[in-house]
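In the two complexes that follow, chain A is the common piece, with chain B as its partner first and chain C second.
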Partner chain A sequence: MSAISRPHLLVLPGLALLAFIYAWPIVGLLRTAFNEIGPTGAMVEAWSLQTSREVFSDLFTYELTLNSLRLSLSATAIALALAYPVALFLFRTQSRFRGVLAVIAVMPMLVSGVVRVFGWLAILGDRGLINTLAQSLGITGSPVRLVYNWTGVTIGLAESIMPYMILALLAGFGRLDRTLEEAARSLGASPLRAFLRVTLPLSLPAVTLACGLGFVLSMSAYITPRLLGGGKVFVLATEIFEQATTNTNWPTAAVLAIYMLALLGVLAAIAPAAGRRNKA
Partner chain B sequence: MSYLELSALTKRYRETVAVDRASLTVEQGESVALLGPSGCGKTTTLRMLAGLVAPDEGSVSVAGVDVTRLPAHRRNMGYVFQSYALFPHLNVLRNIGFGLEERGFKRAEVRRRVDEALTLVRLGGLEQRRPRELSGGQQQRVALARALVILPSVLLLDESLSNLDAKLRDTMRQEIRSIQRKLGITTLMVTHDQVEALVMCDRVAVMNAGRILQVGTPVEIYESPGTRFVAGFVGRANWLAAKRSESGRVSVWGTELPIDAPRGQHLELFVRPQRIRLVAVSEPTGGDVARLTGRIARSVFVGDYVETVVQGADGELTVETPSGQPSLHDGSEVAAVWRVGDMRVFARDTT
Partner chain C sequence: MSGAGPALSILAGIVYAVILAPIIVVVTLAFSVDNYIVFPPSGFSPRWFAQLASNAPLLAALRLSITIATAVAVLSLAIGVPAALALSKARFRGRETVRAIFLAPLLLPTLITGLALLTFFTPLHLTATIAGLALGHMTITLPFVVRMMTTALATLPPDIEAAAATLGASPWRVIRRVTLPLAAPGLIACTALSFLLSFDETVISLFVAGPRAATLPVEMVRYVESRTDPLIAALSTALIAGSLIVVVLVERLVGFARAVQA
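Coming up: the complex of A and B.
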């Protein structure tokens, strides 16, 4: 008995670390959520639901929720559409540069999120690459607004989650076998039909995994919505940051943070069930 | 004009030539094997036929129609892959019905034809199973049924039996052969197993290093190998170093044999172990046989036959005698005799 259970002891250091950096702060967060803000604007220690009541009776909370969901869904969808072909190519290529290509594909992860945002400003800004080009080609007369709005944030966010989704897809493609596509072709399926009937269905577990990851990352993203949104794009993550720093309203920030955690938990619980129903 | 014609098919990968001007004709309803060691280009040839690999040169035609540039999905060839390549997300029914669905058959018609195919390969009752719930032999049958149900112009088998255990392989050989005969379907199979090729096919094409060396019936290939490679690859053989005697005949171990020597410095005499008879030295032999004498070095009982090694003046000779005959003592002197028609002479350094 002890001989069998002994390897399990190996997880203890990891568990201890997780308890320390994850579980403990959440307990702190929970505690803070019950505090109140006094008349002076300072936090008052309390055990009340006053802050929660204020947050959940404010319609702005639900607007933020919808904004977050809509932004995350569209960013994930765009990133998936771009990441899937890249991942499939990387999975299949026989090139000896495969390793190098894979590193290039996930390279954006090595660049700080702030730096990447400034890169996007240089491309999407009013006097950025795209607008300059469009104007000099006479496609548009005046600059098209591509940043400091939802468009810019969606583009920036999709790009920032793409490398993670490529990695998740590559990890999930394990079962894909080129021979299966050849079998489909020999049975009369065109390349497109072979993809739709064989490759795509077999890659769905990988797609689910990648989308889950991309969605969670989008929901919790703060830098991109904040900087590319130019103060005009409001989502849960930016609001939490705003309350915690600018307003120093920690109880409200804590309530919103727990709310978002619960939201993701619920989504994680119902998403696989919905996926199963689709397949049946 | 033959039903299936490959002419001068060539495929290069960088510097290496995988298939070198392979030409072959197959008649309608005929079963032909591409036999050769791994890496000889036989699978590449099959894949070019199916349209899965584009040839650099040469052409493929079926029933007089050039299909060289036709994409795989429009060739209507049934391909059974070595790994079977069954779709893991589809059950047996949908796996077999895949090609029919692609051809736009109605549901009921698909079902009817799949049922027929299932009966043909004796798999009734397993329609709802997923491939991973089937044994290797059953997967093989599903793959075969899936390729046959589309009524292909040609059936292509790529090392299709190599993943089965010996006993099952034997059964499947017989079964595929009888299905092939019953449907009269033109078949081209790739194998490195000579028994498979000889048992399952009307004709055999022996390949090595990208080239088709000899095409013939199993008996022709076995009895009259045209090259040293073919002689060595199919069946067991003795290779005896030989010289050209002054009278232009072949001489082995200092004994002249009744066969003419070809041109060439280094000659090798080929004779199969089971074609040699061991007789007493005193026993006279007729004129139309080859005869070498030596001492028995050792005998090994192998069950169906006894393998005896005869030590001669300049080398060894392996002889296979059916078991159950009086054994010869080690060290005793014997004469090894065989008919003139059972030996061949090859000049070495040529394939």
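Coming up: the complex of A and C.
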């Protein structure tokens, strides 16, 4: 069909709305980073780097950065270890329940984050599933603290990014050539050897992509660190929210937000290069 | 070689247990008789569902969330579907740029979008209002609708539209009588997903909500932080059941499984 004669009339309302609720606010956020906080604590319009100087001369900023990086790395590593077998299973299985199994694998995406965090509180809490089990088996006498610390946040975060990584891995596996592994098997390689020497190396580009995605999602995750951290886990995301709402220090929040995006941008630039190296 | 093999199947089974654990625990806990989060519960009763039905703040938040999600779904389709029509059916200069602009909001984390909306909405007195929350949610749902419907419309068989046009139907008549009815399954799925995306949106809402107007996820976050009882488990179970009903309804209406197989 050729003739929608004035397509601009159809896209204009959407573009206008996005300009109002997205482009303008984002530009405003960039502008806010150059404002200052006056002696009264109120924001003062300015074109200065004063706020940036304060943020980057504060050692806490670097502690938050390290916390965010460490948390994202461990959550991504755990999620990868869990996501890889599921993705490979879904790729290979001939079960007629494959569709249902695929939906269950990405189910955490379909359930509200707050609900899942609440589930982890009940599993990891002082009187939760794991501590009750450990105590009744006599492994520990007193409850082990598994929530409101890094452990709980890492576990919860790993679970929340896992479905995205499963989907990314599945998409990547789609390009694997099954005949190569079959050739290795028919030439006498054990299943494990065929996996380690053929399938795994071939799937590394997909792994790189999935890890990049998991890492970016972890860096910007807010709900899980806030609720499972119980106010004791400080990362860039929680600090941005804290500065913006509790402290109403918008310039600092804006500088931190741009800083976080810059970190993610550097990562996005590195990841494809690493993926290409793996492919070669 | 075919199939997944026993070792891989067992590994996958263990991971499936991890994936399902929080959801199973929440549903079990909803029927707990205890006053605290104790798992396994010492007994079962529907008391927390009764509590839920008399919790005014949560019910008010639920009503607000339904209102906002309905408005967001209707507006996102009203604005997004015409754009998707133009992007999939018309050729015009700058089409790829326009498509990229529509998808741009999906690139940034909601933490950043939420912060930008807070600084932008506050001077306009849009924070803590239904309008502000709905507009905030549309930064997610509008790109989503445009992306889904552009794909759905582009994959429709072109011959039927061509036939209608050959038989003398005007372009608008073709869209109204042929294209949109053919795209009905996509439209219904899009409406349901927009509603659910808005209903579940937490981070942007936390920024824009303020202390007065709290959507359900915001109220849930506050509750989880201040109290440790199974009430939220009962609410979560009701929400999971609600989502399942929506999914099953969509499936019944448009034959989701059939659409996936095709």
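Heads up, the rule we're going with is that the second predicted complex is superposed on the first by the 243 of 280 C-alpha atoms of A that agree within 3 Å, B and C clash if a C-alpha of one lies under 4 Å from a C-alpha of the other, contacts with A are read in each partner's own complex, and residues count from 1 in each chain.
The rule we apply is simple: a contact is a pair of C-beta atoms (placed from the backbone, for glycine too) under 8 Å apart; a residue touches a chain by one contact, two chains touch by 3 or more.
Keep in mind the model is a prediction, meaning the values are calculated, not measured.
Q: Which partner does A:Arg185 reach: the first (chain B), the second (chain C), both, or neither?
A: both
Q: Tell me the contact category for A:Val198 with respect to chain B and chain C: first, second, both or neither.
A: In the superposition, A:Val198 touches chain B alone.
Q: Among the partners chain B and chain C, which is in contact with a greater number of residues of chain A?
A: If we count touched residues of chain A for both partners, the winner is C.
Q: Using the superposition on chain A described above, determine whether A:Met109 touches chain B (first), chain C (second), both, or neither.
A: Neither: A:Met109 stays clear of chain B and chain C.
Q: Once chain A of both complexes is superposed, is A:Ala122 in touch with chain B (first), chain C (second), both, or neither?
A: second
Q: Examine A:Arg175 and indicate which partner it touches, taking first as chain B and second as chain C; both and neither are also allowed.
A: first
Q: I'd like to check the shared interface: which positions of chain A are touched by both chain B and chain C across the two complexes?
A: In chain A, positions 182, 185, 191 sit in both the chain B and chain C interfaces.
Q: Would you mind writing out the residues of chain A in touch with chain B in their complex?
A: My answer: residues 175, 177, 179-180, 182-191, 193-194, 197-198, 201-202.
Q: What part of chain B is in contact with chain A in the complex they form?
A: Its residues touching chain A are 50-52, 71-79, 81, 83, 85-89, 98-99, 102-103, 146-147, 150.
Q: Per the contact definition, I'd like the list of chain A residues that touch chain C in the complex.
A: 1-5, 7-8, 10-11, 13-15, 17-18, 20-22, 24-26, 28-29, 32, 82-83, 85-86, 88-90, 92-95, 99, 101, 104-105, 107-108, 110-123, 125, 127-129, 132, 159, 162-163, 181-182, 185, 191, 216, 220, 222-223, 226-227, 237, 240-241, 244-245, 250, 253-254, 257, 260-261
Q: Across the complex, what residues on chain C touch chain A?
A: Chain C reaches chain A through residues 1-5, 7-9, 11-12, 15-16, 18-23, 25-26, 29, 36-40, 79-80, 82-83, 85-87, 89-92, 95, 98, 101-102, 104-105, 108-113, 115-121, 135-136, 138-139, 142, 146, 158, 161-162, 165, 171, 174-175, 179, 200, 202-203, 206-207, 217, 220-221, 224-225, 228, 232-233, 236, 239-240, 243, 257, 260.
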